[in-house]
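Letters A, B, C, D, E and F name the chains as they come in the text, with residue numbers starting at 1 for each one.
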Amino acid sequence: MTENIEGLFAGTDEFPNPQAQQRLLALVGMEALLDRLVVNAIALLDPMVMCAWSTKVHGDVVPAVTTVADRTPLFVFAGDVGVGKTEVAEVLGQAIATRADVDVTLYPLSLTARGRGAVGEMTTLMTSAFERVSRDFARARTSTGHAASLGVLLIDEADALAQSRELTQMHHEDRAGVNALLRGIDGMRVAQLPVLTILCTNRLSALDPAVQRRAALIEVFERPSAEQRADLLRKLLLGTGMTLPDIDELTLATGPATDRDYGYTYSDLRQRLIPEIVLTAYRSDVPIAAGVAHEVLKRTPPTRPFESIRG
Amino acid sequence: MTENIEGLFAGTDEFPNPQAQQRLLALVGMEALLDRLVVNAIALLDPMVMCAWSTKVHGDVVPAVTTVADRTPLFVFAGDVGVGKTEVAEVLGQAIATRADVDVTLYPLSLTARGRGAVGEMTTLMTSAFERVSRDFARARTSTGHAASLGVLLIDEADALAQSRELTQMHHEDRAGVNALLRGIDGMRVAQLPVLTILCTNRLSALDPAVQRRAALIEVFERPSAEQRADLLRKLLLGTGMTLPDIDELTLATGPATDRDYGYTYSDLRQRLIPEIVLTAYRSDVPIAAGVAHEVLKRTPPTRPFESIRG
Amino acid sequence: MTENIEGLFAGTDEFPNPQAQQRLLALVGMEALLDRLVVNAIALLDPMVMCAWSTKVHGDVVPAVTTVADRTPLFVFAGDVGVGKTEVAEVLGQAIATRADVDVTLYPLSLTARGRGAVGEMTTLMTSAFERVSRDFARARTSTGHAASLGVLLIDEADALAQSRELTQMHHEDRAGVNALLRGIDGMRVAQLPVLTILCTNRLSALDPAVQRRAALIEVFERPSAEQRADLLRKLLLGTGMTLPDIDELTLATGPATDRDYGYTYSDLRQRLIPEIVLTAYRSDVPIAAGVAHEVLKRTPPTRPFESIRG
Amino acid sequence: MTENIEGLFAGTDEFPNPQAQQRLLALVGMEALLDRLVVNAIALLDPMVMCAWSTKVHGDVVPAVTTVADRTPLFVFAGDVGVGKTEVAEVLGQAIATRADVDVTLYPLSLTARGRGAVGEMTTLMTSAFERVSRDFARARTSTGHAASLGVLLIDEADALAQSRELTQMHHEDRAGVNALLRGIDGMRVAQLPVLTILCTNRLSALDPAVQRRAALIEVFERPSAEQRADLLRKLLLGTGMTLPDIDELTLATGPATDRDYGYTYSDLRQRLIPEIVLTAYRSDVPIAAGVAHEVLKRTPPTRPFESIRG
Amino acid sequence: MTENIEGLFAGTDEFPNPQAQQRLLALVGMEALLDRLVVNAIALLDPMVMCAWSTKVHGDVVPAVTTVADRTPLFVFAGDVGVGKTEVAEVLGQAIATRADVDVTLYPLSLTARGRGAVGEMTTLMTSAFERVSRDFARARTSTGHAASLGVLLIDEADALAQSRELTQMHHEDRAGVNALLRGIDGMRVAQLPVLTILCTNRLSALDPAVQRRAALIEVFERPSAEQRADLLRKLLLGTGMTLPDIDELTLATGPATDRDYGYTYSDLRQRLIPEIVLTAYRSDVPIAAGVAHEVLKRTPPTRPFESIRG
Amino acid sequence: MTENIEGLFAGTDEFPNPQAQQRLLALVGMEALLDRLVVNAIALLDPMVMCAWSTKVHGDVVPAVTTVADRTPLFVFAGDVGVGKTEVAEVLGQAIATRADVDVTLYPLSLTARGRGAVGEMTTLMTSAFERVSRDFARARTSTGHAASLGVLLIDEADALAQSRELTQMHHEDRAGVNALLRGIDGMRVAQLPVLTILCTNRLSALDPAVQRRAALIEVFERPSAEQRADLLRKLLLGTGMTLPDIDELTLATGPATDRDYGYTYSDLRQRLIPEIVLTAYRSDVPIAAGVAHEVLKRTPPTRPFESIRG
């Protein structure tokens, strides 16, 4: 990762690159979603592609095709913490770069990790981010409309920012943040820049309707399915003393249970359960095995879904 | 579109123009409403027209006719996001221009996309917008009362602004915005300028009573009817592999269903469902057909109606 | 109307004048109220009149007579929007002028249309208005107590201002506005100026008790009765193709109905229903008749009563 | 009344004076309360009086007597608007002056009529008022403890000020006002000044506990009883065409009724009902009589009790 | 009492002194509590005392003894107004001084009577108070750990200050006050100063948990018991015409009754009931006797318990 | 303890040291937790250790091992006041130092005891603390990744700071504090400094999800179990007149009971119950014995669990 452009982004990322490829391969069970996202990006990069295809399969450019270009290139990724929203957003560029054979640059903006909380700062931050990306891609599209590179502006942990203007008590500063976001998105759409904006949020219901309406795609991420958990656990526990039946049992045990209707998140598995299994085995100086795993499981419950204060 | 007058409007639009004509034709099922709006505009342009007509049909200028001129030329368009409020507001000028044979200028003011959220800014914005339009049309009416051109001031996404002053917690800044709106409207009515003001809002119930009382017309837009959906889908899916029975089935499937009492909005259809169908067909490199459409339909539900915080 | 005294009032009005006389005559079914208000004004103009009368009819100035002079000349007009409060307030001067043969000046102060929402501005506005009127009438009363002219200070749309100080969350600015009002009223009572203050409000229950206590008269305006609707409709539809039975039917149809316990307001009738009937007839180029009226009626429901947020 | 000391008070009043005597005599049914208040004042004026009496009747200064001097000379008058709180407070000085043969000065401070709502102003006002009164009475007590004159500091319409500090949302400014009041009261108690403070409030339950705790007497005023109404009506309707049976009937009609559990307040009777009866009779140029009274009664209901927002 | 040290305290008090001894003796039914408080003070004054005792009775310094010295010398007195919290706090120094034969100084800080409500002032006040007391006792402890004098810092009416930081809406200023309190207490504990801090509050549940946790003793004061009321009434009514059976009856009548589950507070008895009985007897110029008492009792109900807004 | 580094920390602590060893030994029933925490620290100090172990027991560095290094070294200690969170956090360094044979420095930051409540101060404090610790450990890791010393940054009483950004009403200042925390934690993770951050909070549910997600370990501390109470009571009451059966009975009596579902906290036992038993025995000059204990127990109930205002 490149360091910290003007202190605005945590560090940009250029795709393709090998680390991203590895992370991309690790995204078990998200192939279909990634595929859809990549195709969206391709349509954004070169609107002519869609026309050529339509002519090929329908004999003409059908009206439906024009609806694709009319959309705002904004994706909203919603869902609980630890369900993989940010991971997908961060490695999507790799998928696009390899499939469309273009250079992709990720601009990750974490509102909480960047802003210092000063009044108006979030607005400034937002505005600066859009200005920077717009500048970088101002000439990315050729006169024929084809773009040779793509920007992905990732706005992570956007809950604070994109709070619904419906809440009467919202402070002016917050509303200003939402407005800065809307201006940025609208501005890039009007200028037809080859830039995808991805907004990650824990609480879809709190997203301003004006933001939701513009989104070309609203994807709600769920906690990992049994298949996804199995896949992840198999990869992570590879080479340990846990047999496949052991892992299957662990897969089952990390799903919803009788006393809770939710299973483990990706974060729960990757950041708490597996590390704790490793450390527990280490502490006893024994190989990682089913016994250790179940001991740790008991004292490491999944995090509870985070409830919105507005139902 | 002309660019950005003094940074106040997103760009004005002059009618008639061919693009607007096309958009106007696309407004399926809204002919009656448009007709009513156009007649309102005509009465505003030249009060004499109504008198002449009254004399013709009633033998005299009946008292009822005077009530028309006494109204405030303010229309309120209310309804959920994606139901076509803004579209109607934006192309109404075209309908007026062609039917009344006058020049019409649209001044689109999006409060969220313009303001930067500074305290008092919305008030300033509002005031400047009214001043600008008032200046442009100060001499548009001849001494006989006939106006040769019409302005349409569109205040979109007005929810933030026109919040009811009833809410005790309303901040001074918001109230100031409402007051600026009232001043602007009252000022233009007093000066008898040939300018229509259209206010779009998601939440009619939150509109200040003083605003509602002044409105000559309050139109609540609903989600598209089966007929409107059919019409739109037929147009958009023209030339694809979808047969009319396929489209009829899709029309039905995008209406209210057993598990929800609301259907798809225009935005849902135009910005999410159809584009996604296109991209999915493209991805598989097959023509757009019923199979693809139903696959996409399953993962693309309609947006939920946005509920007002006050029931 | 005179324009805009120092930008404080929307324009003062001098009575008697012919336009006001016409508006006064149009106030169907409000004769009794107007009569009472006029008599109040006469008692305010010359306290001696009451004494003379008492001596005549009772043989002496009875104690009851003194209670009249002790009152604060403040009227509160409450009721839903569109029920005629402002209209009565605006033409009351005409009724007084003609009956008492004095000059009456109306000073209309619309808080929403005047203030710009700056903190403290409403207080300043209020204070300036009272000072201006007090100055104008400082010498209006002769040494014998008789006044040759009367001022009517109309504070319209006073909801924002006169919010109850009971609401704990009330901001200082609002409370300051109420206090400025109280000071103004008390000041004029102490100085015994021949000035009536009329306060119009949508929400009587939100009026500060200290304001209510001072009011010499609190009049709650209701939506028009069948008789009042009939009268208005007959006047407005005069000369059209609607017969008296047609109008009677329309009168009935604009009253409360099975699915709503409220009828049409004056605004509903005058600003929405009748104009729309006119425009619809014009659109079809036919005379105004029952058919058109009923078509319009269906799509033009009465406005819902505005509910206070505090029950 | 003396005018406006340094703009702080509405004008002080010196007792005894004839007007006050008349108002005092008009306070029907409040003799017992007045008597108690006068005795309190006497005890405050000269603590030795109590000792002398105790010695006389008990043979010694009993311990109970010391509790009288230990109290804070603060009276709280609570009750609905229009029930006579302010009237009693304003003429109490007359009762004290005549019975104890001392000079009494009333310092009336109306918080709403004085303050302009600026932040901190109420605190300043409060502090200034206490300082002024303290200065005036600094030397009013002789070395033997006897005081030759008494001050009555009346804090009317104190609701805004004395809001309970319990309400978490209370603003700093309000709390500051309460604290200024507490400081003022405590300061005068410590300095043993011959000054009574009377606080009038509509809402006892909202009074800060620290204020309530200090009060030597908390008197809740009720709406007038049948006897009090009869007395007032008889006085006011003296000399008119209403017979005693007519007045008795009116007395009954202005009490609680089947459709409401409250009767008319003093204000309702004195400021609205009787004046309106007078004006109605005047309008018809007939003597005041039962018919007129009942006609007016129907359209002049009593004001509803003002409910605290906190139950 | 010494006057007003630097305007910070209402006046300090030095113990022992005869007035305090009398007030101490008046504290009926609180002997056990006082005893416990005194012993706490003794342990604070000289930790060696506890060790000596432990060695005497247990043969050694048992571990339990060390827990005494580890505590924060903070007492919280909670309970309704008028139940004696402040009285106990104010005369505790006398009890300590006489029993432990040391000099004790009371520093009474009333937050409401001191602060002027300026933002940040309460914090400054708090900080200054702790600094002043810390300075006075900086050298009060000898090198052996024995202290020859003790300070009692009384923070009365602390509700405003010590509001729970749990209340999200708490303003920064209030939180700052709590933090200043915590810093002050922690600072004195670390410096091992011989200073007791006593916090009086009406609402224990609103006390910040961080304050509660530190308290060595949390004492909830109740309204006086029958025994306590009897004792107080006997003392106060000594020498009057009331017999012991009369007083017993009054004791009963001032306890909880069928229509209320609370009895009279100390304030109710001492500041309202007894003085009013005295004044009523005086008014009739008769000795204080049962008849007078019961007459007064009827019109002098006990104050209602003050309910927290948070249940 | 070293004093007060630049006024930022209450005083740092260097481990190992004998006092800490004693406190560590006193942590009854927390051995397993401490063990786990120590192992976490070891993995943080030298990631190679885990690789070596994995190779030894699994024959290779298994993928699971990499998850350990990927974690954010943040521990969250949650639970009621008085349950030992802070104690464990303060002596953990000792456990690490002795087991891993490294120097450990504790940086204790108490937000309430440090900040003065000025707006923005908490953010500054937070930022300074992270900067200071980051500077101290900037070079603590050798080029091979091994660290010779460890820092423990303890953020105690963090409730005020780490409030969930979900609460719409949160003030900007609070949000700024949360953001500063996130920045600090993320910054140290990126720089791979050998620093553990421990956050103590009373209310886990109010912790911002972005904070919770990062935590490598979230430990909820419960009130002491019967075993833990027994152990503590035995230690503290050693050498007194209480027999083991007496202590067992006290253990039982300080657990949950029929009228409450919670037992005594560590604070309740150590700071209130035992000291009060000591003082009571001292007061009677008798040895500590079962009788005294039960007498004290009756008047010293356990503190009620502190309930969050958001359920």
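Quick notes
Here, a contact is a pair of C-beta atoms (placed from the backbone, for glycine too) under 8 Å apart; a residue touches a chain by one contact, two chains touch by 3 or more.
All values reported here derive from a predicted model rather than from experimental measurement.
Common neighbours of chain B and chain F under the contact definition above: A.
By the document's definition of touch, chain A and chain F have no common neighbour. Taking shared numbers over all numbers used, the chain D to chain E interface scores under half, which places it in the different class.
Chain copies chain A and chain B are related through a rotation whose angle, from the C-alpha fit, is 60° to the nearest 5.
Distance between chain A and chain C, defined via averaged C-alpha coordinates, is recorded as 59 Å. Note on chain placement: the centre of chain B and the centre of chain E lie 68 Å apart, centres being C-alpha means. Distance from the chain B centre to the chain C centre is 34 Å, each centre being the mean of its Cα atoms.
Multi-chain contact residues, meaning those touching two or more other chains, occur in chain B at positions 167, 169, 173. Viewed as a contact network, the protein chains form a single closed ring in which every chain touches exactly two others. Taking chain D first and chain E second, the full cyclic order of the chains is D, E, F, A, B, C.
By the touch criterion given at the top, residues 35-36, 39-40, 43, 50, 53, 57-60, 62-65, 67-68, 70-72, 120, 123, 165-169, 172-173, 175-180, 182-183, 186, 209-210, 212-213, 216-218, 310 of chain B touch chain C in their complex. Residues of chain D that touch chain C in their complex: 81-82, 112-113, 115-119, 157, 159-160, 163, 167, 169-171, 173, 202-203, 235-241, 267, 270-272, 274-283, 285-288, 303, 306, 308-309.
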